[in-house]
Amino acid sequence: MDISIRAIRDLLEMALREDIGIGDITSDSVVPANVMAVGTILSKDDGIVAGLDVAEEIFRMLDPEIIFNRLVSDGERVHFGQNIATAEGSARSILTAERTVVNFLQRLSGIATTTTKYVEAASGYHATIIDTRKTTPGWRALEKYAVRVGGGHNHRFGLYDAVLIKDNHIAAVGGIAKAVKRAREQIPHTMKIEVEVESMAQVREAVKLGADIIMLDNMDADMMSEAVKLIDGKALVEASGGLTLENIPAVAATGVDLISVGALTHSAMPLDISMSICSLKLKGGE
Amino acid sequence: MDISIRAIRDLLEMALREDIGIGDITSDSVVPANVMAVGTILSKDDGIVAGLDVAEEIFRMLDPEIIFNRLVSDGERVHFGQNIATAEGSARSILTAERTVVNFLQRLSGIATTTTKYVEAASGYHATIIDTRKTTPGWRALEKYAVRVGGGHNHRFGLYDAVLIKDNHIAAVGGIAKAVKRAREQIPHTMKIEVEVESMAQVREAVKLGADIIMLDNMDADMMSEAVKLIDGKALVEASGGLTLENIPAVAATGVDLISVGALTHSAMPLDISMSICSLKLKGGE
Amino acid sequence: MDISIRAIRDLLEMALREDIGIGDITSDSVVPANVMAVGTILSKDDGIVAGLDVAEEIFRMLDPEIIFNRLVSDGERVHFGQNIATAEGSARSILTAERTVVNFLQRLSGIATTTTKYVEAASGYHATIIDTRKTTPGWRALEKYAVRVGGGHNHRFGLYDAVLIKDNHIAAVGGIAKAVKRAREQIPHTMKIEVEVESMAQVREAVKLGADIIMLDNMDADMMSEAVKLIDGKALVEASGGLTLENIPAVAATGVDLISVGALTHSAMPLDISMSICSLKLKGGE
Amino acid sequence: MDISIRAIRDLLEMALREDIGIGDITSDSVVPANVMAVGTILSKDDGIVAGLDVAEEIFRMLDPEIIFNRLVSDGERVHFGQNIATAEGSARSILTAERTVVNFLQRLSGIATTTTKYVEAASGYHATIIDTRKTTPGWRALEKYAVRVGGGHNHRFGLYDAVLIKDNHIAAVGGIAKAVKRAREQIPHTMKIEVEVESMAQVREAVKLGADIIMLDNMDADMMSEAVKLIDGKALVEASGGLTLENIPAVAATGVDLISVGALTHSAMPLDISMSICSLKLKGGE
Amino acid sequence: MDISIRAIRDLLEMALREDIGIGDITSDSVVPANVMAVGTILSKDDGIVAGLDVAEEIFRMLDPEIIFNRLVSDGERVHFGQNIATAEGSARSILTAERTVVNFLQRLSGIATTTTKYVEAASGYHATIIDTRKTTPGWRALEKYAVRVGGGHNHRFGLYDAVLIKDNHIAAVGGIAKAVKRAREQIPHTMKIEVEVESMAQVREAVKLGADIIMLDNMDADMMSEAVKLIDGKALVEASGGLTLENIPAVAATGVDLISVGALTHSAMPLDISMSICSLKLKGGE
Amino acid sequence: MDISIRAIRDLLEMALREDIGIGDITSDSVVPANVMAVGTILSKDDGIVAGLDVAEEIFRMLDPEIIFNRLVSDGERVHFGQNIATAEGSARSILTAERTVVNFLQRLSGIATTTTKYVEAASGYHATIIDTRKTTPGWRALEKYAVRVGGGHNHRFGLYDAVLIKDNHIAAVGGIAKAVKRAREQIPHTMKIEVEVESMAQVREAVKLGADIIMLDNMDADMMSEAVKLIDGKALVEASGGLTLENIPAVAATGVDLISVGALTHSAMPLDISMSICSLKLKGGE
C-alpha cells in the first residue's frame, strides 16, 4: 500500500513551518530570485530507498514549479554514490527545501534498510517480520509505510483498529477470560483480538477463549516451539520482546507466524543521503 | 532554557490523534471505567533523562485528573532499573497514554544521553558540542531541548534566525564576497553571518569579510589547527562534518570553538524506558 | 465504549462557530450579564437518551462555570415530559448554547431510539444489529456511539480498520480469489477480511478462500438460510441490503450472525427534545 | 445563492479524514494503481438533487485528475433509475470517495426534496416556506443551501446575523419593551428585530414597539388570522411551531408571510442515491 | 455587547506564535524561573481604554497562574500616568506577554479614543457614528468592539449579514430596480437591504423600491439635506465618504441617521500605553 | 527579502473568513454568475506601494481563474490617480475580494510610505532606520516586509531570534553582568546579544561585557554622541525611544548605527487606495 499524502500533510506542514518560520534568510538575501538550479539527491551508503513521494510533495508545497525526477523507486536498493532523484527549478526554493527533504528521506530509507535486514534474517522460514507502535510520535503512518517498503508487514496502526490485551489489561479486569469476554461483547465484529501471554497456562487459556492472535512475550525459543505446537494453527502466533538480528533465525525456526521488532522503527540508523546543488543559468537569460 | 509546551502542542496533539484515533478499543472495552492504577516509568538502561514535561503534558491532555510525580529531573543520570516518575489515576487513561509517553521519553532521553557522551569526549577542551538542523521533522524544538539537557548547545533553530552561507549559496551568487555583502545589506542587524569554508583561501576571505562564524567543512585536524591560528579570534570557529565520538578529542584539541554533530539527533539510540502499571482499588470502592 | 470527547472536539468547535459566529447578538444585547438561569432539558416523546457527554462538553466549552446535572444516563429510556438534565449558570451562556445542545441531543437520541427498535425486532434470535458507514459526514464517531447506546453493535469505523471486498473491487482485480489474495498479502495480520457475495457460487468461493466475514448482499430469506448452512460457522455471516423493521425477524430467523442497517443512522427521526429556561436572581443580588 | 465551497471545506476535510484515516485498506491493497474506472451516481427514487458541487469537490480533494460530469443540475427533479453524474478516473480514488460522496448527496437531496413538498403544499398562497436553526451541527451552510435548492427560503444563518427575541429573553430582562429597547440600542442598524409572541396582547405590543418581524409561536389558524389582521403589514409575520405537510395549507391561508419548518432539515429522509462503478482498461494499456 | 473571546482566539494564538516562536530566548535564559514580578499597565496619554478582556486572556493563555487585576473598565477615560491594570506572577511569563498585551491594548484603546471624538463631534444631533468594513484584516470583531466601547455603533459585520448594493452591483445587473428585486427574492427575510446612491434620482428610486437603508455616497451637506427630506423617514439614511472630525457637525445637522467613518478603524492613532515590571521576591523565598 | 506567502496564509484565511463568512449575500444574490469584470486598483494619494503579492494571493484563494496584472512593483512610488494593478475575471469574485484586498494594500503601502519618509530624514548619515516589535498582532511578517519595501531594515522578528536584555531583565537577575553571562551560557552561538542602557555607566559596562549591540534608551542627542564615542565601534549602537520625523536628523548626526522607530508600524496612516470595477460582457456571451 502506498503512503497517503493526505494522511501526512499536517506533519509536512509542521516540518516546513519549524524550519522556515518567517523565511529562509540566507537564500532569500543571498541568492537572486531568478537563479535556477538542479538539486541531485544521492545516497552515500548502500540501502533501500523510501520516501520519494514525501520528497516530491515537500518540493511541491514550497514551489509547484519545481520538476522532480525519480531515478529509482521506493523499495529499490541503491549503492554508495548512486543518484536517487533530481529537482530542477528556482535555486532559492531548492535550497530552502533541501534539509527537510533530506531529513525525511534519510529516516525513512533508514527504516526500510533496517527492515530488509530483518526480513533477510528470517528468510527461508514461514515467519513474517512486523513492526510495533514504537514509532516516532507524529510519524506513525510514514514509518509503517517505510517498514512495508523494506519488505516487512504492519502490526495494528494504533489503539483503534485491533484489540491487544496485555498483562495490564488482564490484571485490571481480573483474568484473561473476563478480558476477552468483555472485548468480544463490545468491539466491532470486524476486529481481531490478540492476547499477550507469558506462560504455557496462558497460552492454553488464550486458545480456549478463541483468541485470533497470541503474542508470546519474551519467551525463549524452546518455549516458543512448545507454544506453537500447542496452538497448532488455531491462532496466529506472534513472537515479541528482545528480538535482534542475531536471534531472528532461531526465533523464526520455532514456527511462529509473526516476529514483531520495535527496533525497525525506534533504532533504525538513517541512510546517509545528501543533496548537491548546482546553479544554472538565470531564468530568462541565455 | 526549558521547553515551551505551547511550541510543541501541535505535535503532541498529532501524536495522540495518530495513536488513539476513534478510541482505545482495548482499554475502553476491557477495563472498567472505575479501575484506578499507578503507572511507574522506569529506565532499563543507564542514561540521561529528558522529556518529563512532555510526559506530564500528555497525561494532562488525556486526563487532567492524573497525578504525575517526578522521581528525577530532566538532565539527571539514571541507572538500570531506576524509577523515573509515576502517574496515578484512571487505569484506562494511563493505559491509553502509555505508549505515546514512552515513545517521547525514549527518544528524548536517548538524545540527551548521546549528547552527554560527546560533551564528555570534548571535556578538557575549550570546544562546545552543538547540534545541527538534522533533526526529526516536526521535532526540532524538542530535540534541540534534549541536546541542551545533555549538556550540548544549539546551533540556529531554523532557516529564519541566522545566516549560514554554504557552498551552494556562494556558487549561486558568484563568490563569498558577493554573498556576504548581499546578506549584510538585507538581514536584521541582530543576526550573525556564518560562512562555510573548504580551503585556507576561503578562510582568509571569510575573515576579511568579517564573518561572525566560520564553519570548517570536512577539514582534517591539521588544517583545522591552521585555520584556527589564521582566524585568531576574529570569528568563532565551527568544526563540521564526519565527526564521531572517536575523533572528537583530536578535533577539540585544534582549538575550534564549536563542534557540530548531526549524529546527536539523527543517530541517537533511544534510552530503553518502559512503564509498568499496577491496578488499584476501584474508585469509590473500599 | 464511551464516546471520546477528544475525537469529536473539532466537530463541536465547528458547530459552535457556525451558530455563534461573531456573537449571539440577541442574548448579548438583551440579557444583562449578571442574570442567572436554569435550563431544563426535557423529552417531548418516548425514547432512548444519547449524547449527555456531548451536551455537557458544549456547555463547558462556552462557559466553564455552568453546572450540568444529569437526571438520566445515556441509554436510559425516557418518557414524554420527562426531564433529562439541567444546566445552571449565566442566562446568556445557556441561551447561546441551547440550540446547539438540543440539536446534538435530538439526533443522537433519535439514533439510539431507532436502534433499539431494530434490536428489539431481532430479539430472540442469535443475530446482532449493526450499523454501516452510511453516517452523517463529520458525525461518524458520534453516530456509531449512539448505535451502541441503543444496543446495536458497530461495523468497521472507516476504510482504515478492516477490509471489505465489494463487487467493484472484485471486478477491478478480476475475481474474488485474486482480491482476497492481494489483500491478505498486504494488510496487517490484525485485520479481518470481509467479502460481499451475491450468489451461492460466490459464497462457496468466499468460504474456500477463508474469508473471515461473508456479507450476503440483497439476498432473500431462503437464499440466506441456504448460505448460512453452507458457510456452517466457517465465517461470520452478515445480512445486508433492504432491511426494515418489518423484515428483520424473518432475516434474523435465517441464522445470520449480523444484520447491518443503514437506516439506523441515515433515516433515524430525531427524538423531540427541548430546553426550557427560567431566569433566576441576579448574580450577586439577594 | 450558490454554496461557498470555502465555507464548508473544514467539514469536507473532516468527512474524508474520519472515513479514510490512515488509508483505504481495501482499495489500496486489492485494486492495482493503474486501473481506471467510471463511477455513475444514480437516483433510486424520485426527488430533487442537491449537492453536486460538494460531490465534485470531494472527488477533487481526493484526486484532482478525476473528471466529474453532471447529467443534471442542483434543483432538477430526477426519477427512479436516472443517472445524476459520472466520475471518471483512478478506480482506487473513485472507490475511496464513493461512500462520502453518496452520504452528502443523499442527505442534501433529501432536504431539497422535502422542502419542495412543503413549498408545493403552500403554493397558491402568499406564504414563503423557511427553515430554522434546527440543522445538523456542522452542516448549517449546506442544509440551508439545500433548502434554497428545494425552493424554500432561509431564516437567519445563526445567532450572529439577526435578533430573535424569545420568551426566555423577555423573561430574563422583564418584558418585551425592555428587550426590544436594549437590542435596538446595541445592534447594527443593518439588523432586523424579530419578536416571538404567544398572545394577542404580545402581538399588539410587538407592533407598537416596531418589531420588523413577529413570530407567532404555536398559535392555531384562527388566532394566526387574527394576528395577521392586527399586524396589518406593519411587520412580517412568521408562523412557527408544530407545522406539518398536512396543516401547511390552512396556515398559509391565514395570510402569514412566512412559515418556518424545522422538519425541513431535522427530519428529512435521505434521497436514495447510489454509485455503481465499472472498471475500465488499465491506464497506459491498450 | 462584550467581545467574545472564542471568536478571537485564533488571532490571539497567531499573535503569540509570531512573537514567541520557539521561545523567549532572553527571558528564559536571563531570568531565573522562580522570580516573581508585578507588571503594571499604564497610560501615557489621555484616552478611552479598550481591550482588557484581551489582555487578561493573553496572560491566561501564556500562564494560567498570573493574577490580572483591572483598575479601570473598558470604556473608562484614563489620563496621562494613570494605571490601567496589573498582572502578578512569574516574571518570565509577564516579560514574555508584555509586548503582545500592549500591542493589543494600544490599538484597541486608540480606536475607542478616536471613536469617542467623532461621537462627541456629532453630539447634540440625532445622527449615530458607525464604523465600516475598513478594518485591519483579522481584527474585524475586535475593532468593531472597540468602536462600541468608544460610543459608536457597528455597520454590518461582513459580507454575510446584510445586503449593501453599491454602484458596481447596480452596474453589473443593469439598474437599481433589478438589483433590489434579485436580492429580495433570495436573501433571508431577516436581512435588510441598503442601497448606495449618488444622485437624487437614485434616492427617489431607492425609496420607491423600499430600501431599508439608503447610503448617500460622497454628497455635500446641501444635497444630503435634500435627500433626508425626500426620504422622509421611509428608510434609514447613512452619510458616507470623506467624513472628518471637522465636517461631522455639518453632516450631522443635515438630519441623516447614520454617519459611517472608515477612519475610526483604519486611521486611529494608538493610545500610548506601556507596561512597567518590577521583580519581586523569589517564589518560595522569604 | 520577499514576503513568504506560506508564512502569512493563516492570516489571509482568517481575513477572508471574517469578511465572507457563509457568503457574500449581496454579490451572490444580485450579480449573475456569468458577469465578467475588471477591477482596477488605484492610488488616491502619493506614496510607496507594498503588498501586491498579498493582493494577488487573495484573489487566487477566492478564485484561481482571476487574472491579476501588476502595473507597478512593490517599492515603486505612485501618484494620485495612478493605477496599481488590475484583476480580471468573475464579477462576483472580484466584488467579494475587493474590501479585503484594499484593506491589506492600504495598510502595507501606508507603512512603506511612512518608512520612506523616515529613511529620507536620515539620508546623508550613516544611520539605518529600523522597526520594532510594536507591530499589529498577527501582522508581524507582513509589516516587517512593508518596512523593507520602504527602505528600512528590520530589528529582530520576535522573542526567538535574538537576545535583547532590558531593564526589567537586568533588575530580575541583579545586574547587567549577570544577565549577559546567563544569556551567553545558554543561547545558540549564532545569536547576538543586545543590551538596553540608560546611563553612561551602563554603556561602559555593556561594552566591557562584549554586548554585540547597545541600545541607547531615551537619551538626548548629546548623551548619544558621548555614548557613540565611548563605544567606539566595539558594538553596534541603536537609538531608541521618542523618535519622530523631526528629530531623526539630529539623532542620526550623533553617529548611531541604528534608529528604531515604533511609529513605522503602529502609527502609519494608510495609503488611500481603492478599487473601481467595471462589468464586462457575459462569459460565453457575444
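Per-chain numbering from 1; labels A, B, C, D, E and F assigned in written order.
We adopt the following convention: a residue touches a chain if its C-beta (ideal position, glycine included) is under 8 Å from a C-beta of that chain, and two chains touch if they have at least 3 such contacts.
Model, not experiment: these values are computed from the prediction.
For the self-contact between subunit A and subunit D, the two sides draw on mostly distinct residue numbers; the shared fraction is below half.
Centroid analysis (C-alpha atoms only) places E farthest from subunit A. Our note on geometry: subunit B versus subunit E, Cα centroid distance of 44 Å, whole angstroms.
Each chain gets one centre point, the mean of its Cα atoms, and the points for subunit C and subunit F are 51 Å apart. Here the spacing of subunit D and subunit E, counted between their Cα centres, is 33 Å.
Annotation for subunit C: residues 1, 20-23, 25, 28-29, 140-141, 157, 160-162, 164, 186-187, 191 touch two or more other chains. Residues of subunit F touching subunit D in their complex: 16, 20-23, 25, 28-29, 33, 62.
Those residues of subunit F that touch subunit E in the complex are listed here as 10-12, 14-15, 18-32, 35, 37, 91, 95-96, 99-100, 103-104, 106-107, 133-141, 157-166, 168-169, 171-173, 179, 182-183, 185-187, 191, 266-267, 269-270, 276-279.
Within the complex, the subunit D residues that touch subunit E are 1, 128, 130, 148, 153-157, 160-162, 164, 186-192, 194, 213, 236, 238, 257-258.
Subunit B meets subunit E in the complex at residues 1-2, 4, 6-7, 140-141, 157-158.
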